[in-house]
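Quick one: the structure is below, questions incoming.
Order of writing sets the labels: A, B, C and D. Residues in every chain begin at 1.
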């Protein structure tokens, strides 16, 4: 059994980790910390976990955390970097769901997150935790930086096109939309039901923190610097991200069978599902499950490739992906604990 | 392994059965039938099941069904009764999710469902499949009639009060509200998103088909004829039933510790959760899970007991309960295949 | 033209007042105050009002407010009572949408609101602003206390039964459900979209602040002390209240034509609509409009009367009712400025 | 007073026309037809109109319709073309909300709508009813073809960029999302609440019927043939369209102040609202109102212009626009009957 502890269990990625880990056959939950809720039973804050999780929130404490085999950070950015070095020094593996170690260029990180980084020397060691790109490095990592939710959907959607060099790398567009759980569980007027429901809007159009992360990884796939226009939108749903991706096909690429390319590219991936030709994904078909479903179309047989990619932002976009990383890291079957089908309707 | 077949797999209780059975460790899915979709892959109709269910819908056929150990009927009323006798004759167990065998008095059944019953002789044999009432009879039954979704929430909520004789049996009130999946997957103007969302209404107030079923079972618990006012409402949510139950406490009952009574009554039930005093249940805390959560209050310490009871109408209100019944019927641990926590948020 | 000022325009009842008053043919908006947003254009906070309201929020100031003919308070309880005496002294009429002057017994008010009342001498002068009860007193009032949203729906629904003495006054039940705009525009985890949507729950069951207000007014209608069990619920919708009311018919009352009674009782009320027999109201059929729609049923022809009553909590339950009161107060046609049909779908 | 009749009043554009026309000060409702609901009171089908519309649905009959000054068609495509010639011959004006007369090239129309056109000779006479483009022609027209909902949002959003020739006309992208009322009021599994809510998907990506209409009008604005990639999505909201438009700026265009351009371009349009720099529109800020709100951004100051454009699909996208056209056609103030602010929250 792997002993797992969680830092920051009061947000949505925290409760989602608990939901998944509570029934993971190889995991023993050791501790979950929250400064604000210390001493309170987890199941009191999240009644859905009554009967499944008996822990109480504990004060964050490195000594306590170091008793685990692996520590998940489900915290806002800036928190993990303060504790990770000591945990690594004590031989504990770290899977960070926050943004602290996703960007390899410390200057870029500090510019977008507006604060100095506490351990820039770890940025090059941290492995970007998208198994579909970095499975081998994850298996031997000490520190895994789980991708953001938008980046997961955009990267998996664009990957075959970019690796194969089929689209104009200077004019990529990602029109994405996220359910409101992506905004977290903090009190906020903007995320009230009466403000969000029965409405739709774009936000962060001038510049969103996921942009540099996506461009960094897309550039790696393309083996050249790409330029992406990224426009996120807020959906009046709880869970789900839908990315609609646009790539102008380069000369000659119009002859290629994109459907076949995608099917072949992901044929062996347990958590990427390429839909049949003509089918487009819906966010509800991934609700609660660790899967990315993808549809491909070339409208009117013209020169624009359109890829639609959906994930559950809390699962394949966060906590499920973190568990998938853990499975790889500890040499377990990659799907263990992640096989429950989506909840539909 | 238990070989399971399903009749009528194109509705919401059908797809929910598939979701649960696909990962049940003791079940092998043998066949699923649908006249309308015969030949079509199940996962084409329900993309959420891609990678989980490889079956195609088959033509309904008694010979095919008789190869199973147990057959679930997830059909509209009137369908199961045409086939059940032959299945029983061939030694196949039947778990019927429809209304065909819930009411023991054939006259009452025919009055509310407006058609003659095809095998009234089975009505007395059929066991009403609420394990919290009939666990022992279920274990040895051939034919199980799963309760309706409203009845499950109302019966579990009222049970301790009625068994103990604490309330006026002539003035019971059940004010209940259901998510729209309870209305099924048929095309209907009334259930369109643009008609249902951002709204709320009562329906069936003059008389709803679940009324005689609830009164029959409540009367059994009370060991006298009860009278219930039952008012269902339509919620703009997908899953979930919330029943708010009112019982006028009889002389002397005001001294009783209702909270303690409920906690004790359900202490050993794996799928009934009595919340701490002062907590009230929310439908989202049971989403996707086979559990009924209950809260009890006596407003202003006056003489009215108010019980709030929530279930997921597709799980504890239908398909999960059917699986629970199957577990009991085949001598399996009652919780097997039903341990995944609810999906929250 | 009536010069109108508004205190506290940043909440939902404030913006709703602005929506209605901006197109009211007899109203000139003089000022709207908000300490927090002072100096900010109203249309910046509420872009829906761009092109309709040119005002900026002003600092609350009695001198400024006293220039108006009437001042609306759309504030939390406790605010109006600090300013109302001076406004009345200066000859300004006051329409208070808060709870400050709804309860005539100062002891009851102070018990439920947990603070001393600043001007208890005005409690007996204030007129409870439900025109369907107090039209004549409103016409000559200086200070109008607009009813709460739940009370409006419950009072209009129960009124004919209580005035006629047809039900058991000791066992009244109001099972009510409100859209989330009723909880206001304050930042709060409990009212986040991800917490509220796709769910349903009861709250305040042990005791809700609208209970004493409702019982006070019901008792006035019944001309005796009544006892009400009041259970509010939270609906995942923006606007709308649905009250399901239960009254046990007294001896002899079962012979009475309740449908005819209600139709006759409300025949001349411009804002109460009794639906045809067998029709039940939906909250969406009153969305945005100043109307209460009512349906009556006697399930199974037994002894329980069930009344369903719906309003838009922000209109007939708050701001629309306030405008209706203003119309009466200033001798205008009661419907002026309130004739736009509901928004459906 | 203008005598108005409506053909096809049982859908969402029909009831929306009634909502607007019922309080239009210069309109008298003459007749509303529906073959299916003939004889039934309108307010029985749409209880929101109780007290506002006293008409009953009538059988469609040219003689009856010809008594009106103007006839609105709120019908599926194919219906208007059968009756319009005779109405025009009798001197009745026609405002068609369907697709019958939007496309000037009969071959294109017949290809996309899959049937022969009954009166192709009228296609060149019909005026495309977007007053912001064709105000003068509308004023003198006999037959007005109201734009589709998607086209309205896309055309108003792109117009300044195309008229000024600032973007690459071969790579325009419109990523649009519509509330489910846009799919109409017909019974359909795909539009059930349990299928649509809490989900999001693209549809019609290979080719949507609004594509040729949009390209026709965009090409007119650009004075050259344009190529558009148009991807519609289905939003789990009732009303609202949000179009996110992408245009690659041509050489030199990056120096232009797009914000100033848009503000100037629409300065005198009563129903187009350009938001301040940095503000993006939300569909809820136009709910129920005849207005298009637009935001402009150039992400990261790179070469891609992003325009966000929102409308209420039933108002500025259909029935409100039809009334706006009527106002122009009959020489009324363009805003009469259309001044009510949006409903927010």
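The definition used in the following text is that a residue touches a chain if its C-beta (ideal position, glycine included) is under 8 Å from a C-beta of that chain, and two chains touch if they have at least 3 such contacts.
All figures in this text were calculated on a predicted structure; none of them were measured in a lab.
Common neighbours of chain C and chain D (chains touching each): A, B.
The most distant chain from chain B, with centres taken as the mean of CA atoms, is D. Chain A and chain B have Cα centroids lying 36 Å from one another. Here the spacing of chain A and chain C, counted between their Cα centres, is 45 Å.
Note on chain placement: the centre of chain A and the centre of chain D lie 39 Å apart, centres being C-alpha means. Counting partner chains per residue, chain A has residues 12, 181, 185, 194-195, 197-198, 236-239, 281-282, 284, 287, 345 touching two or more of them. Put simply, chain D touches chain A in their complex at residues 171, 173, 175, 177, 194-195, 197-203, 205-207, 211, 227, 229-231, 233, 235-240, 242, 244, 246, 248, 278, 280-284, 287, 295, 297, 299-300, 302, 304, 306, 308, 310, 345. Residues 12, 179-181, 183, 185-189, 191-198, 236-238 of chain C touch chain A in their complex. Residue ranges of chain D in contact with chain C, taken from their complex: 12, 15, 18-19, 22-23, 46-52, 181, 185, 197-198, 238-239, 273, 275, 279, 281-282, 284-289, 291, 293, 314, 339-345.
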